[in-house]
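Structures follow.
Shared chain: chain A. Partners: chain B in the first complex, chain C in the second.
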Partner chain A sequence: MSLLVVDNLRVRLRGVPVLHGVSLKISKGQIYGLAGASGAGKSITAMSIMGLLPPKAQVDGTIHLGRNDLLKKSEKQMCALRGKQIGMVFQEPMSALNPLHPIGKQVAETVRIHENVSRKEAKVRAHHVLTRVGLPPSQISPGRFAHELSGGQRQRVMIAMAMVLKPKLLIADEPSTALDVTAQAQILRLLKSLVRKDGVSLLLITHDLAVMAQMADELAIMRAGKIIESGPTPKLLRHLDHEYSKTLLQSAIMRPLRLPHKVHGTEAVLEAKNITCRYGRKYRTNGHNPPGVVAVDGVSFKIRKGENVGLVGESGCGKSTLLRALLALKAPESGQVLLHGEPFLPNSHKQTKTQRKHIQMVFQDPYSSFNPRHKIARLIAEPFYLQGKISAERRNAAVADMLEKVGLAVDDGNKYPHQFSGGQRQRIAIARALITKPSVVALDEAVSALDVTMRAQILALLGELTDALGVSFLFVSHDLGVVRAICDRVLVMKDGKIVEEGEVGDLFSRPLHPYTQALIAATPDVETALEERELERD
Partner chain B sequence: MRARHSSLWLGGALASFALSAAVLSLFWAPYNPEMQNIAGQLQAPSLTHWFGTDHLGRDTLSMTLAGARNSITVALVAVMIGMGVGVPLGLFAAAQRGWVDSLLMRINDLLFAFPALILAILITAIFGPGAINAIIAIGVFNIPVFARLTRGAALSIWAHDYILAARLSGKTALRISWEHILPNLAGLLIVQGSIQFAMGIIAEAGLSYLGLGAQPPASSWGRMLFDAQTMTGFAPWLAIFPGLAILLSVLGFNLLGDGLRDVLDPRQKGHRE
Partner chain C sequence: MIVWFLRRMFALLATMLAASLFIFFMIEVLPGDPAHFMMGLNADPAGLDALREQMGLNATLPERYMRWVLALLRGDFGISYTYHVPVRDLIVERLAVSLPLAVYALAISILLAFPIAVFTASKAGKFADTLIMGGTQIGVAIPNFWLAMLLVLLFSTQLHWFSAGGFPGWQAGLLVAFKALTLPAIALGVPQAAILARVMRTSLIETMGEDYMRTARAKGLGQLQVIWRHGVRNAMIPVLTVIGMQLSFLLAGSIIIENVFFLPGLGRLVFQAVAQRDLVVVEGVVLVLVLAVVLVTFMVDITYHLVDPRLRRPATMRRTK
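After this line comes the complex of A and B, so read on.
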């Protein structure tokens, strides 16, 4: 029997239709996956079910939860249903938790709002559910605050808050997208075991088909406000009908985009020699100097010409600090960075300016990478400052050339950053990084803010560019799939140290360090997930 | 649209009314504001003297117009001093961080600790009364306002990736402040400028009321209020018109500032474009 039936749901926001007749059925205890690129209408569907659409939205169709017709309920009635019958887990746990209340209290509050129980009983229930989500009060005190927890732990608290009232339906909107691979694997496993044990139905929303392949019983693929195909997950993924679904699946399967190629020579373009960086060390007059935190601990490696190197590790492992030292934005405490064999030191040194054109960077957040007041042509030309005086003609020609190389039109130079999507902005960022013809470009999580199709396009572009221009990319990421697609060699970083280093093929097929093995095992992969599930069934 | 920006429209109208009165007084006034006519003293408002005359027979309308010029000049120059010194200091503090930042901001705190008007009185008491010293005094207390505002906003812009990109392009802190930081602060500074402008008008009126601002025979609103206070019982127009002039122009520039903030601040637009 179906728990949730959505029939021909149509939604208009400010007069613009965003959902064109979405119908779906979720039976009791089922995990229903809703996949699609950003803007496909996944979240709007979830918000309609929760009754959280903006007040002026026009909604048609029916949504039944058991015998309740949700669209006919008043706001007050929906308030009672939300939490009690429908729980929700969001993508960003930090903004969904109140920073001023301890986590135990927040979970207990949820109970007391919906059920008439004593403070004491609410506390007992809260502790019980926190234990179930893997935060037993004996180890993680319920007196902690959200900022004292890791991203994965925060998401566990969110799940505890959603599950404590034993809802019939749980909606999880990109619950693991903001997390590291290992935390993601744990959260997904937790969600699955909880809903299976309690017989809760789960509506799982994510753009990542690899996650769906692991999790969903039934899968629907959305595009432009419609469900274009749906069916039992393993069967559907094996036999997709729509072209669009196939591209979505292709993007999720991270195939190596370029065959490992011969690296030009053995000359190191960038070399890190025994770099150590430390934070928070203070010199006090009383002689008690706190040692501070060692963020990077004696890291050495080389990048050769035309070689793509991946730097992999979880957040907090010291990747970003290392990157700042490599780019001479901050001096390391000890050790040396060599660029083309010469010491590369922070800005105050005269030589640094002439060296900077050899190394450039692409940032994670395509929205904060550009001065919103400048036009694209000016933004791309900014690194030309390093070349000294250059005629306007030569500069314009170089900008036009770069725009074409990254797949944009020459006219785009006259537009402003806000006129472009996230993926296009990342192309612009790549153009800016490449305009001085550098030998190394560092990409800091450059595709993790993009959705899968966009990500695949940008990776393909980078693959082409590295072969065409002979530039080396230093690809910093927590996502092994991305690194595998584009890199020749991989460095695995943990707690400020490089724990394993190797050619991409060797490292993925025969990882030596236990940490690398854990990372690889945690990375969602469509093929292995499907095989595992088919084995389970047999 | 107009209803949403009503304070901008009202403020703009009042402020431009005050500005045009000041400009008008440069070329034309019904009478010479300094001309005394004892025979025609203390006339009530009439068709010949719209705002009446004072105890020396001077035309109150002409004096109010000349006072507008005085107030607006003082406030304008004082805002320019505050911006001219405060903004570079704030940019410098944000770019340098560390002990330079701390030192500049502690000096700022020190200036802030004095009530603005007391500080201005102190300065004019030391250097003697007069319009120029009033300008300097009001200008000096504008400096910390702009320095602190600029530093705070600049720090948040320094955190953006495009600043990092500019650093990777080898640009110095000075150049980054000029090219990237300052243009992004422009809206904020215009808003604060118009609010400080209103404060300047009040401060100038306060100083000249105490006899520390523009000296007679030059007209100023504060001085007119001072002269009028013993005569309000039988010649209320002497206090009403300069008082209204101060009230409306201060209200105008404050509303203009608020209105501009609503229009210029992207966070208030509801969605990011």
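After this line comes the complex of A and C, so read on.
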């Protein structure tokens, strides 16, 4: 008996059709995965079920939850179903929680909306469910606010809020995408165990097929508002019919792009010598503060010419602080950064300005890292001020050349950032970084905001560029799969220290440090997940 | 929180000290000798000098500043040259008009702005929204003294509902006194309401697009409940700043309105004192106004901390109970 039946669902937003007849069935207790690139209509499907589409959406077809015909329900009736029979977990747990209310209150609110219980009773229920999601009130006070929790903890609160009334259907829209690998593995495990114990059906939405391979019983692949194929997960992933699905799977697998043990020059273009950074000393609110937190603790490494180095670790391990020191944005407390053998110091020093053209940066969010009122050509040409005066013709020629190198057209220089997709913007960011012909480009989570297909394309582009231009990339990421694909050498960072360092092949096949082993184990991988499931069944 | 509070108090004192220094020296460098003014143009130089000595004007600047500040700390603002009464009494008497007027005008501003903002935000982009927002644009542009004259023309001259000006004093009865303040409060409050409504509307619309509003909907709250329970408090954060600024403005900036309505408020007091070179009064009033502005800012800061937990202790310092 199916719990949720969506039949021939068609949705138009402002007259534009976005769903073209989506049909799916989820049985009781089943985990149903809905995969696809961004813009495929996954979230629109979820919001249609919730009845939370934008006001002027036109919806056709039927959605049945048990005997309830959801599209025929009034807004008031839907309010009674939301939270009670259908729970939902969203992607971004920081912004999805109200910053002004304590977490315990937000969980209790779900109870108070639907059940006529006292404040005290609701609180007891909230504490109970918080304990179930791994936030026992004895350790994590329900009086805390969202900003006082880690990303993983916030997502646990979201799950507690959605599960407190034991709904029949839980919808999780990219529940682990914004988290780092270890937190992701924990959240997925938690979701799976909760829905299995309570017999809840889960509609899991993610672009990550590796996650699907681990989690979903049934899997559907969406493209451009349609489900193009579906079936039991292991079987479907082993025998994909559709070309598009195959590309999606290939993108998810992320095979190494670099030849193993490629010979590099011995010359170090960037060298970190025993760098230590500390922060938090300024907080003197109660007079007896600890002397700050050591964010980076005696880190040393070299990047050679034309070599791609990955720096991996969970959020909070000191990656970003180290990066700031490497880019001479902040002076380390002790230690030294050498760029081409010369000390690279923060801006107050005269030579820094001439050195800056040798090291450039690509940031995570391609949406907010451009001035929206500047044209692309101007944005890309901006770092030229580092090179002193240059004629307009030479500048334009360099910009055109760079646009072509990153796979864009020359006329794209006359457009504005909002006219491009996330992947294209990341290409623009790469062009901007490469225009000064730097020796090193640091990429901070540069593909984390992109979906799998775009991610694969950008990685391929970076692979080509590093060989063509002889530039070295320092790839900072929490995603081991990405690092494995693009890097020659990997540094694993934990609590401010480099705990392991090695060639990509060696490190992934024979990780020595327990932390590296844990990271690799936590990284979802299609092949491993499928093998495990097939073993389980046998 | 206590340390934060003490630090804020210290900053407040430092601001006051700086303000007192500034006021004192500004008035010193301004042309116009009060002794000369009191004795008239044909004053006898010996008499003038005697008066200057008596008023303490012949001492050195630092000496006079110290004397002034020490007296202030005792609550002694000096004696007015022109009224021949203690400045403190003058200020207290005038504050009894200006403070209620400012609060009254602010109340009008908030009470008008709040429903306008909620209504237009919920209809954002529709005709009613465009129309009302156009109206507030006019409200922002109208000078308050002109609005004051219009109000007098309509409600006093034509309809005879209110008197055109003057203040009977609080002893005349609460209702009578408030009635006398109503037109001035409207004249002051309406342009402020227009500004506040626009700020509040923008803030509400922004808040309505937040992810946590969607979360609240997913929990089963209706559209209006979501705005009320999760939206308003979040949207109030930027609005608080504007309200604080408005209160300061209304306290210090009502000189023209007080003149239009012949209200014996602080604004008129300082206006007349400047005209008559009554420096002691000017210094006292300006200092009181600075104190009021600093206090209002302080109160806004405290309210911020009450409303927004993110401004309280840093996360790492919180312990579980």
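A few comments on the model shown:
By our rule, the second predicted complex is superposed on the first by the 527 of 538 C-alpha atoms of A that agree within 3 Å, B and C clash if a C-alpha of one lies under 4 Å from a C-alpha of the other, contacts with A are read in each partner's own complex, and residues count from 1 in each chain.
Here, contacts are C-beta pairs under 8 Å (C-beta built on N, C-alpha and C of every residue); 3 or more make two chains touch, one makes a residue touch a chain.
The shown structure was predicted, so the numbers you read here are calculated from the model rather than taken from an experiment.
By the touch criterion defined above, A:E532 lies against neither chain B nor chain C after alignment on the C-alpha atoms of chain A.
When both complexes are overlaid on chain A, the residue A:H147 reaches chain C alone and has no touch with chain B.
By the touch criterion stated above, A:M361 is placed in contact with chain B alone, chain C being left untouched.
When the two structures are aligned on the shared chain, A:R432 is found in touch with chain B, with no touch to chain C. Put simply, more of the residues of chain A are touched by C, taking chain B and chain C as the two choices. Contact with neither chain B nor chain C is seen for A:D297 once the two complexes are overlaid on the shared chain. Of the two partner chains, chain B is the only one that A:F370 touches; chain C does not reach it. In the superposition on chain A, no contact is made by A:D495 with either chain B or chain C.
When both complexes are aligned on chain A by C-alpha atoms, no chain A residue touches chain B in the first and chain C in the second.
Looking at the complex, you find that chain C touches chain A at residues 3-4, 210-212, 214-223, 229-230, 233-234, 307-310, 313-318, 320-321.
Interface residues of chain A facing chain B in the complex, by the touch rule stated above, are 327, 329, 347, 352-353, 356-357, 359-361, 363-365, 368-373, 379, 382-386, 418, 432.
Chain B makes touch with chain A in their complex at residues 160-162, 164-172, 180, 183-184, 272-273. Contacts from chain A toward chain C in the complex involve residues 50, 52, 75-76, 79-84, 87-88, 90, 92, 95-102, 109-110, 113-114, 138-141, 143-145, 147-148, 158, 161-162, 280, 283, 285-287.
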